[in-house]
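First chain written, first letter: the chains are A, B, C, D, E and F, and each begins at residue 1.
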Amino acid sequence: MRIGIYPGSFDPLTNGHLDIIERSRGICDRLVVAIAINREKQPLFTVDERLEIINHIYKDDSSLEVVSFSGLLVEFCKSQGIHYIIRGVRNITDFEYEMTNASVNNKLAPEIETIFLMTKGEYAFISSKMVKEIASYNGDLTSLVPQFVIQKIQNKYSSIRR
Amino acid sequence: MRIGIYPGSFDPLTNGHLDIIERSRGICDRLVVAIAINREKQPLFTVDERLEIINHIYKDDSSLEVVSFSGLLVEFCKSQGIHYIIRGVRNITDFEYEMTNASVNNKLAPEIETIFLMTKGEYAFISSKMVKEIASYNGDLTSLVPQFVIQKIQNKYSSIRR
Amino acid sequence: MRIGIYPGSFDPLTNGHLDIIERSRGICDRLVVAIAINREKQPLFTVDERLEIINHIYKDDSSLEVVSFSGLLVEFCKSQGIHYIIRGVRNITDFEYEMTNASVNNKLAPEIETIFLMTKGEYAFISSKMVKEIASYNGDLTSLVPQFVIQKIQNKYSSIRR
Amino acid sequence: MRIGIYPGSFDPLTNGHLDIIERSRGICDRLVVAIAINREKQPLFTVDERLEIINHIYKDDSSLEVVSFSGLLVEFCKSQGIHYIIRGVRNITDFEYEMTNASVNNKLAPEIETIFLMTKGEYAFISSKMVKEIASYNGDLTSLVPQFVIQKIQNKYSSIRR
Amino acid sequence: MRIGIYPGSFDPLTNGHLDIIERSRGICDRLVVAIAINREKQPLFTVDERLEIINHIYKDDSSLEVVSFSGLLVEFCKSQGIHYIIRGVRNITDFEYEMTNASVNNKLAPEIETIFLMTKGEYAFISSKMVKEIASYNGDLTSLVPQFVIQKIQNKYSSIRR
Amino acid sequence: MRIGIYPGSFDPLTNGHLDIIERSRGICDRLVVAIAINREKQPLFTVDERLEIINHIYKDDSSLEVVSFSGLLVEFCKSQGIHYIIRGVRNITDFEYEMTNASVNNKLAPEIETIFLMTKGEYAFISSKMVKEIASYNGDLTSLVPQFVIQKIQNKYSSIRR
């Protein structure tokens, strides 16, 4: 059985992430969406909230699992018997960053392969960072994130602003 | 009447900015130079000081207006009846960043067009960030910023150092 | 009056070209779509056929003119009193090529400005070259070129194949 | 069963191609290495010679098939029930070219997915074109192509020179 | 006598740095490895520790000197009679950053030349930042940094963790 | 003694080439400007004419030698005891091309080092190809090539046109 992992911060999940998740599923028998716990970044959503959001969207889907992890990605892969890392690439800047990461991971664990999918043109400009910036100014998030995420963001900002 | 906006931090105004302003004016009937109020960055000059600098340089020019704004650029454009955003592009890194911004702005407000001018070769290496770094070491700023800005920077740093 | 020129080979006109033409018109009072006569390339359509195609699509539009030219673009601009060259940019490869051209043109004629528009994401992958390749294999051109161009291409290839 | 296709000119097969083939096999249940018949290029090896070379190297491997095809890649994929195109990416230039191709193919056949693998650093500088240039000057091809290809190239050039 | 300077943070020294140092030495009669004292960054190793590490590795080598400096690099070069700045370039992102720096330095001190060496493919993915990240998770640093640096990092982290 | 080689087509020599030659001389004790004899390209100037042009400009300079060569550059370097290849880099496209060449040359001859200089901003848009195109339309070449080359080009084209 081919198990693939799609790692990221997902803070928040965007339509670009959903596109990669949908397309990744055809490549693997089982897909693990893995939320990286980052010690430095100040996130908008807690790891638990992010787990809840992705689990809500894929609640009836047994071929997909949502987890969180800390530490080195390749160590987590080894511990879980995962051999395929899947990454979406939007542009040159992403590409150079991912090329560096894939090279390091290949040094640390040559048996793990990194697979790239190109984000579709209509999603290529979406980033979690930009979604948070637009949200902070109360801008329109339709077409950038799923409806369920819009609700969660509105709740989050209304509690921040109150 | 065609109104264009040239948004930026202008902290401080450089010769690269001046080049884009001069060349932008031929494209519009009226040009709005708009200082973006950024909540996160720690600026060298306050928004008021930056307004004063650009107003000083263009004091006798009725076809150019200097303003500050906060919030989303496209919302500001809508509120002012502005249909053209003008951006200077120096290199690939700028280009990818601007391409992403233009795509988001097009999603949020399809009626607003983003126009790009390429910074001339002799100015393509100038950035406000680098000007501040050189200034902090008391380096030579001639050929990087207008004379009036050099004075303001010297005043600023002499008051910081005192 | 601001006159802009949008130069290119247009062999054939694509939906990407149409996007740039539409968006260019807001920037100028009058737009000249200029077919560059290239001595070296072996075109699919003759210059006259390309003039006919673009004229057909914009037949009722007095603010737009379609012409052909040979020689240096800036010399043609000078002879016609044109001060704005408009170019669409799809990606990094385009960007570097256009940056070089704009720099040369600026050396040859500093009074002529080059303005860049970014091709919309959904058209960013379309090129005339690729349209011709797909057409040569009888592939589906819907969503790549206007309907009128599809007919012309089919006529062209059926006469070639006969 | 997941069938993937690795298309290319393979004129000649290089160690970079071998790296992508080896790594592609883990992703698919069956891999089709497909030699694109290009009407315009003047190849070093005929399509039959290229089929022979790759077949020789993978002679005992029933999970891999070597074929040639002409026409549009996505049409060939459809006719063979193939849903995954695999491409190696060495650098930015490759990346932009592949991004354009993947976008076109997605328009022509949305059900077919393109998967990218990054060529390992030690192979990232190898291209068939450069192998041919070095070979034409009788340069050392060890570490660039498999031993069997070196023999074939030597035979080819000694017959050309004779 | 040609004196070259190889400036950097070297926090910590990596195998990529060693590669550039080795190759730089052929270009100059004397090489100055210069640790830039950065007021903003929070380093892993103090400047003294970094001096010690590089001095340890090159202890018996009179043609190489290790120093630290603060302020503008070109001012330091002028004060030391150094005319060649040597920089390693790994990828496009490095290249644009270095091109900007070289242009500024050329404005500030036209008599000082910047020379670029391309980092070898096998080291092109190594950065000090990534070494620190892997070290923080106790990952394997073999093949990324010299053995002496591994010891220093282990001492550093064991004292941090204690 | 350090001998460096600056290889190229030099068809014709441009102000960009002169910039690199001048700056290369500080790096080497002796500089060899080497005209690559290319079997495929249709040149404007014969190899002898190109030798004459560069020799004319550097006629009184014993530290610089102008030669032509065919075959692999690294083989020529080995035969001449040359250890430094010097290349000018103008932009990203150049950079990727040169990075590939340097990697191949390093495989073929690890003892030969490739050194890169960045073309100054004011020359970064000049290419021999573009000079020939402008010349073919009788455009102004001042500021693109040395005066002596302008004369040679005018002679060449007047004899072609006659």
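By our rule, a residue touches a chain if its C-beta (ideal position, glycine included) is under 8 Å from a C-beta of that chain, and two chains touch if they have at least 3 such contacts.
Since we're looking at a predicted model, the values are computed, not measured.
Common partners of subunit A and subunit D, by the touch rule above, are C, E.
One of A-C, B-F or E-F repeats the interface of A-D: more than half of the contact pairs, counted by residue number, are shared by E-F.
Among the other chains, the CA centroid farthest from that of subunit F is the one of A. In this structure subunit E contacts its sequence twin subunit F using mostly the same residue numbers, the overlap exceeding half.
Each chain gets a centre from the mean of its Cα atoms; for subunit A and subunit B, those two points are 34 Å apart.
Look at where the CA atoms of subunit B average out and do the same for subunit D: the two points lie 48 Å apart. Shown for subunit C are the residues that touch two or more other chains, namely 92-93, 96, 99, 103, 121, 124-125. Contact between chains, as defined at the top, is found for A-B, A-C, A-D, A-E, B-C, B-E, B-F, C-D, C-F, D-E, D-F, E-F. By the touch criterion stated above, subunit E contacts subunit D in their complex at residues 92, 121-122, 124-125.
Across the interface of their complex, subunit E is touched by residues 91-93, 124-127, 130, 134, 137, 139-140, 143-144 of subunit B.
Within the complex, the subunit E residues that touch subunit F are 2, 23, 26-27, 83-84, 89, 92, 95-96, 98-99, 102-103, 106, 113-118, 120-121.
Only residues 71-72, 75, 92-93, 96, 99-100, 103-104, 107-108 of subunit E touch subunit B when the two sit together in their complex.
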